[in-house]
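Below is one structure. I have some questions about it.
In this document, chain identifiers A, B, C, D and E correspond to the written order of the chains, with residue numbering beginning at 1 in each.
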Amino acid sequence: MTATTLLWPIVFPAAAAIILFLIPSRIKVVREVLAVLSSLVVLYLGFSLFSQKNLSLVTDWLGMGINFDLRLYHFSSFILLALSGFLFLICLYSAVKMKDHPRVREYYGYVFLAAAFSNGAVLANNFILLVFFWEALLITTYALITLGLKPTSHRTAVKSLIIGGFCDFSMILGIGLLWASTGTLTMDKIHVEPHGLAAAAFILMMIGAIGKAGAMPFHTWIPDAALDAPVSFMAFMPASFEKLLGIYLLARITLDFFELKVGSTLAIILMIIGAATIVLAVFMALIQKDFKKLLSFHAVSQVGYMILGIGTAIPIGIAGGIFHMINHAMYKCGLFLSAGSVEHRTGTTELKKLGGLSREMPWTALGFTVCALAISGVWPLNGFVSKEMVFHGALETGYPIFAIAAWVGAIFTFASFLKAGHSVFFGARSTDVPKTKESEAPIVLPILILAALCITFGVYNKLPLQTFIQPILEGHVEAGEHLDFTAHALSLFNPVAAVSILCLIIALGIHLYGWNRSGKKAYLASEPIHQLPGLRKLYDLSEARFFDLYEQGVKLLQWLSKVLFRFIDRPIDYLYEKVVTAVGRTFTGILQKAHNGQYANYLAWTIGGLVVVIWIILQLLK
Amino acid sequence: MKVEVITLLTIFIPILGSLLVPLAGAISPKLRSFWSVLLGGITACLPLTLIPQALKGGEIIWSKSLALGLDFILVIDPLSIFMSIVSSFIGFLIIIYSLGYIHHEDNQNEYYLMVILFIGSMMGLVFSASLVFMYLFWEIIAIACWRLIGFYRQKDYILKADKAFLLTFGGAVVMLLGFIVIYEQTGTFNLVAMRGVAISGTAVLLILFGMFSKSATVPLHTWLPDAGVAPTTVTALLHAAVLVKIGVYAYARLFLYTFKIPDVWQQAIIIMAVLSSLIAAGAATVENDFKRILAYSTVSQIGYIFLGLSVATPTAISGSLLFILMHGLAKAGLFLCAGIVLHATHKRDIREMGGLIKTMPVTAISFLICAFSVIGLPPLGGFFSKLLVIMGTVQANQVWVAALALFTAVLTMFYLMRVFAMVFLGELKIAAPEKTPSMVGVVAILAVLSVLAGLFVSYPMKLVQMATTHISWWLK
Amino acid sequence: MSNLWFLYLFFSALLIFIGIYCLLTMRNLIKLFIAVEIISKGVSLAIVATGAVKNSVLLAQSLAITYIVVEVSLVATALALIINIYKKNKSLDVRLLSKLKG
Amino acid sequence: MVFSFIVIPLLVAAFLPIIGKFSKKLVPDVLTNAALAFLLFNSILLVKPIFNQGTIVQNVNWFGEKVNLQVALDGFNLFMLFTISLVSLCISLFSIDYLEHYGHKANFYALLLVMIAGMNGLVLVPDLFSIYLFLEVAAVASYALVAFGLGYDELEASFKYLMLSVVASAFALLGITILFGMTGSLSFQAVAQGLQDLNARYVVGVCVAFFIMGFGLKAALVPFHAWLPDAHPSAPAPISAMLSGLLIKVSGVYALFRIIYSVIGMTPVLSQVLMALGTISMVVAALLALGQKDVKRMLAYSSISQVGYIVLGLALGTPLGIAGGLFHLFNHAVAKGLLFLNSGSIQHITGTRNLDELGGLGKRVPITAGTNLVGALSIAGVPPLAGFWSKLIIVIALIQAKQFGYALVAILASILTLWYYLLIQRKAFFGKISEKWLHIKEAPFWMSAANVILALICIFVGIFFTPVFKTWISPAAEALAKGIQQVLMWGI
Amino acid sequence: MVIQILLLCGLIIFSGLAILFKDLLKAALSLAVASLFLGIIFFRLNAPYAGVFEISVVAGLITVLFILTIALTKKEGEVEEAKLAKVVFPLFFILFLIIDGLVMKSLLQKVPSLPSGPEAGTFGEVLWKQRTFDLVAQIGVIFAGVLAVLALFRKKEDDKDE
């Protein structure tokens, strides 16, 4: 295998995108088949590259140290493999789910383009190249959201674009600072201590990374997109691809580019962001009445764990964060897909209208249940493992508050999934939806695959931890530090795990209490918390998007624009249009008045002029 | 052919040929169209033959001595070749677009005459290495613009044309004063001979008047939004491709390639540029007139170009030069899209439009692509230029300026998406079909070029690199 | 010798003053032109006196005669103008001649 | 050969009234134009000798005896002669069609020729008193020509013009008399020589003040300008062109600066005063022009403003400044001649000169509109037209002399200039055509021809400015610049 | 010398009267008398030809022209002059007289002039040989005057648009 092979994961999906885009809308089956086949090819590429560690391709691009520089090593090959896996699952799923979509042509085009850009971003070994692919994803995200075809789709798409743009521009600034201070753009040559400007660079680049991952406060487009975008998009981008990319970059920032010290200010900032994201998003998720929206808030909340884990800067925490990333991608993808499956059959995702679908859609229900338990951190699923690692990491930093926040998150995660599962698949059969049946195999299959993976990664956690995660951390730990996290990862018998299990029990209690209080209506199980006096107000405000930084930011932008326009631009124009003219006209008017046509007047000027000239000349001659 | 001959032909074929346009028009409109396209085509092709020379680097000087030392001097170097290629090519596209856009209006003779004269003078300006002749071509362009802005002959349109002419003329004569101050210091108008001369702050200030007024930079920018009364082809030509780049080019030619300016002024220009960018972006967000928004957007983007040139790191300079190309393509595309929309709906207020994507899909997609390019999203061309400018700015330790510039980029995204949403999405208010193929075709070509320029950015970048190393010779 | 020159210049200045005073204050067109005549008298007095004082009276004489010819020409033109104005205006008031202004 | 410039016009003028009895139009047309064409030809023929020798001295033998008709022709004279011949030929061409209105062509031409003879004489004579006399020749003819239409405006304007310029020239003559009294002679050389030997700076200062008033009134420097905006617009268009294009420059600027450079000598004091006057004229008149509704009145104010430029350049006293001033003099003569003729075309076409009534004529009368544009842009100093170069040279000269303030004002005034010319363009030509003028026709052949010739000159001088500058302007400027060294600097 | 001064005073007085007379005819006649005085002054200054010209042309011809004009415009030629103008005239006159006197006195002996020898030749020689250009110009001026009068008094019927 030569270095040019590295181009394939980028070029092939891009070419596939173009071909799929060019197939006329009339032709039906060919497109789906081609798409699945292409994704299989990509998956193959992923596997084959995974087996090839350490390849790199450097060619001249823009000059000035901006090279077209691709590098494959253990971390990127791992992410590449994960990405291609998800691409395959999504294609499989979309083959049925999206086949009647009016703009299906564009859909596949964007999906494969996104895959190409993501692969490029992962492989890039030059910051500019990274930004190129990274930011290009904004366009595919934008385009895919508009495919939701809802009236508000475009608004949400723009929202994602602007938020993403903001984050990416921050990253660009950070990269600029890094470039200015190190003089190179090659990623594997950079390793600096985050002091002074470098610290600013760290924060700016971090914003780019967590913005892509969808952490607070850059998450607000995701819940909107849950309703406005196609559900496969939700599984595709926010649930899997963007998390993989964002956390990948965050990990690289903290591990490679900067020397992040345990408990340093920057680490604490990261942890605060992580903890806040966990808690706040989960509280929002808890009260949602829409299946997809609920999931979307969890997609945000879980990012918190990853950031928290990485922010600990302790090997186990970092490993937990990264492991959580891949785990989350799996189960959240599975969850969205199962929500999509429900929507596919019933046409709705409102919790209120659904209920008791487990009998008609058993496989979907099974997949959902596994994934939901995984996300809630139930032993022995993968979510449990990664969360435990994060808890350990957080405790080791000496700031137990972050662990507590994570546990609080765990409580309400489980509570909200109990509510969701209860109201969708279990409980009484709802009368609002007609009788239905299980979705087609291409829809169910990905869900089940993901569920199976969740179990596998949980039970055989050694496998992923040793194959994927450990190599990443090698070289970043001090000599002698053990890298075998499996030892206490799956152990139920330590205090940390005990607290986690306690949390699950509390969550169960909360759900049952709420369910009882709300007249055995599962979808109202969160109402007692929703209606708590202090919280109620906050919830209302956040429903009104008061806490949405984007909405406030847009208001600010509009206000600022008005100020700039009214108080700078218009006055300048007024100066030219009115003031200059008026001054001119005033002088002209005075002079014209003076020319009154009277001969004596004119003669007086002449004689007066003579006198003045004589006087001046005589004065000057003195 | 020798390089000098090609250059002279590039300048004088369109200038002299334009004078024959009315004659051709008197014979038949077909002949006129043919003649105009031919002239445009020749002008677009000739500079392409200079590319090998540009890639070779170095410069060729040709001069003809005239009275009082006001010599006519041409400089053929990568910078001038790059500028000439960009301007003449976009000019050519606009002539083609005009065939459809303008074909049932009055005064077509004058229109084509002025457009081609404009392009020819632009070539002259770009290749001139004498301050006086730069100014001379500068003003010929102003005359052409004035006639073109007032093309529709409405009373208030002509007022705007006069405003534009007066403001740019005013700026330019003040600039001329600056040139003369320099002449007084050095005793020559020859730019090549003056290389490396340190000039006074007064001269810089005076010259800036000219550059800022021509390139519509705050606070001398307000003529540009008003000039939107011109036919859209003209605004595209004026705003996007050529006219506003003149000031920028002059900056590169004078303040980078030739003179050394005081540091205080350099810093001041940096700040003015970024503020201009921000203010115009703000105005663009508030405006509701389609073309005015685009015009303000131009003002805003020009701020970036000035920013890149004024921070004067190689990265930023090459970013700015690339910006000239990318912004030229994308903004011309945006304006021409606007032209199609306005031509079809006869409305200018975006609040009265909506849902046009249904009736004019190609236009809408082209608009979106060009808008993304202007915003600076990859893989479109605009990404690289903006990125390099920002990077260069950071390299020059102007972190806050870079941050402000990026903030402006967010604002840009905001208002351009607003325009797109209001014009092309939502409820269909006026069902207007797309017009002639030549118009839609040109728009589509520009959109495709924006994409290609991004994907194959390394090719124009080679030229830009040559130009950058050429003009930043003092870095060695 | 030159004292004498200043005596004549003194008187010619007086004549010019009288003329200008009249031009500035009077309103009748003919009166105004009489004032012009007075001024030109002042000038021709100065010319001749200068010549006489500076020993070049022959030259001064020829200048004065030439000047008188010019004067006649002017008078003819001016009076023709005045008559024409009178025909249009039915008045000789100079204040009425202010249609052109601004 | 040189005398033909005075004699031929006078001779033709003498015969014209008689011929006019027999042939009302054709013969006067042909005769006048032929005479003027001959003069132009003549002036071109003189270029080479002047270029080679610098000065030509010619004498005339009158009845076998040598009389004082000695002419010393230098670059400056020749340049003025050429300008006069060129512009006046175009003007007389224009008159062929334009004068159909007025009738009495023969009389008109005769007066025109007398005026031209007066100007040529003024330019040729090297004698103070003769300058005054020829000035009066041109002036008397111009009074009559201004009033030629015999309308109310014409008479009023002519009367004010006459009464003001009579006073002014009386003062000029008084100044001449005083110089005569001090030096005992009148010829330039002798007076200059005499002044060198005397130390009489105060008296000479007063004399210069008289000249500034006397000739400045002819040149219409503010505050001596008041007659011009009345007289120039009222006259028939060719005469307006003549007055604005030539008379104010010959009897005002030429006379003043000839005396200053060749007799008194340019000193810093004078330079300061004249530059101040020039600048004031420039600005004040430009502002006044902004407020005008009448095309010709606006042009008249513009003349004052441009004379300000010329004076500014000439008064600067550096060789480059002189060259710029002279070049601007020529360019302004051509362009302003063009614009006044053009306004005549407008009046001929539409019957009005009021800008508020005009509108959008450009579409129907492209030649008139185009030539007007060329003239306007040339005067405003927009490249590549002729006016640009002259203003450029003036400003360069100002900067070289460290007169930054004046340079700035000159530059800003050119913006004002463009502003009011754009006003004409906007209100008269550029714009939607109003109903009223839908059926107008382009001006007759000779009118258009004259316009086109002058416009072409504006363009060609702009493009081929080097040969023009080298042939005409440099020798003239050199001739004047000699005055800087030649003459004693009194009162430094 | 005394006679000369008296004559000059007469010149001033009649000039003053010429502007002060309300009746234009009297004013014109005063002007003629002033010209007469001037002519005599010329005569006494050894300038006989100038004197003759002054008396015959100015006092004669020009006065005739004035009287003709006055006659032609008699009907409505009355113009109410400002009262103040005549009243304050003496005041200004005396003021100017004093200033004039002071200026001239201060100039006495101050103004240098070149010494000049006696003039050679006769009046005719001077006029014809030295001032030939003036003669040409005189012809021009006369032409101009004549043509001007012709133009201003041309017959109306020839005018097309008038």
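Here is the rule we use: a residue touches a chain if its C-beta (ideal position, glycine included) is under 8 Å from a C-beta of that chain, and two chains touch if they have at least 3 such contacts.
Note that the structure is predicted; figures quoted are calculated from it, not measured.
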Contacts common to subunit B and subunit E (chain labels):
D
If you average the CA coordinates per chain, which chain's centre is most distant from that of subunit B?
E
Mind having a look at which chain is the central one, using mean CA positions?
B
I need the chain pair with the most C-beta contacts, please.
C-E
Farthest chain from subunit C, comparing Cα centres?
A
Taking each chain's centre as the mean of its CA atoms, how far is subunit A from subunit C in angstrom?
97
Compute the distance, rounded to whole Å, between the mean C-alpha positions of subunit C and subunit D.
26
Per the centroid of Cα atoms for each chain, what is the distance between subunit B and subunit D, given in Å?
42
How far is the middle of subunit B from the middle of subunit C, if each middle is the mean of its Cα atoms, in Å?
65
By residue number and range, which residues of subunit A touch two or more other chains?
592, 595, 597, 599, 603, 607
Listing for subunit D: what residues touch at least two other chains?
129, 133, 136, 140, 143-144, 147, 150, 159-160, 163, 167, 181, 184, 202, 229-230, 291, 419
Every chain pair meeting the touch definition is listed as A-B, A-C, A-D, B-D, C-D, C-E, D-E
Could you pull out which subunit E residues touch subunit D in their complex?
107, 110-114, 116, 128-134, 136-141, 143-145, 147-148, 150-152, 154, 158-162
Subunit E partner contacts - residues on subunit D that touch it in the complex:
6-7, 10, 13-14, 17, 62, 65-69, 100-104, 107-108, 110-111, 114-115, 117-118, 121, 125, 127, 129-130, 133-134, 136-137, 140-141, 143-145, 147-151, 181-184, 194, 197-200, 202-203
Contact footprint of subunit A on subunit C as seen in their complex
20, 23-25, 32, 94-95, 97-102
In the complex of these two chains, what residues of subunit D are touching subunit C?
129, 133, 136, 140, 143-144, 147, 150, 152-153, 155-160, 162-163, 166-167, 170, 173-174, 177-178, 180-181, 184, 186, 229-230, 233-234, 291-292, 297
Quick check: in the complex, which residue numbers of subunit C touch subunit E?
2-3, 6-11, 13-15, 17-19, 21-22, 25-31, 33-35, 37-38, 41, 44-45, 48-49, 51-52, 54-66, 68-77, 79-84, 86, 90-93
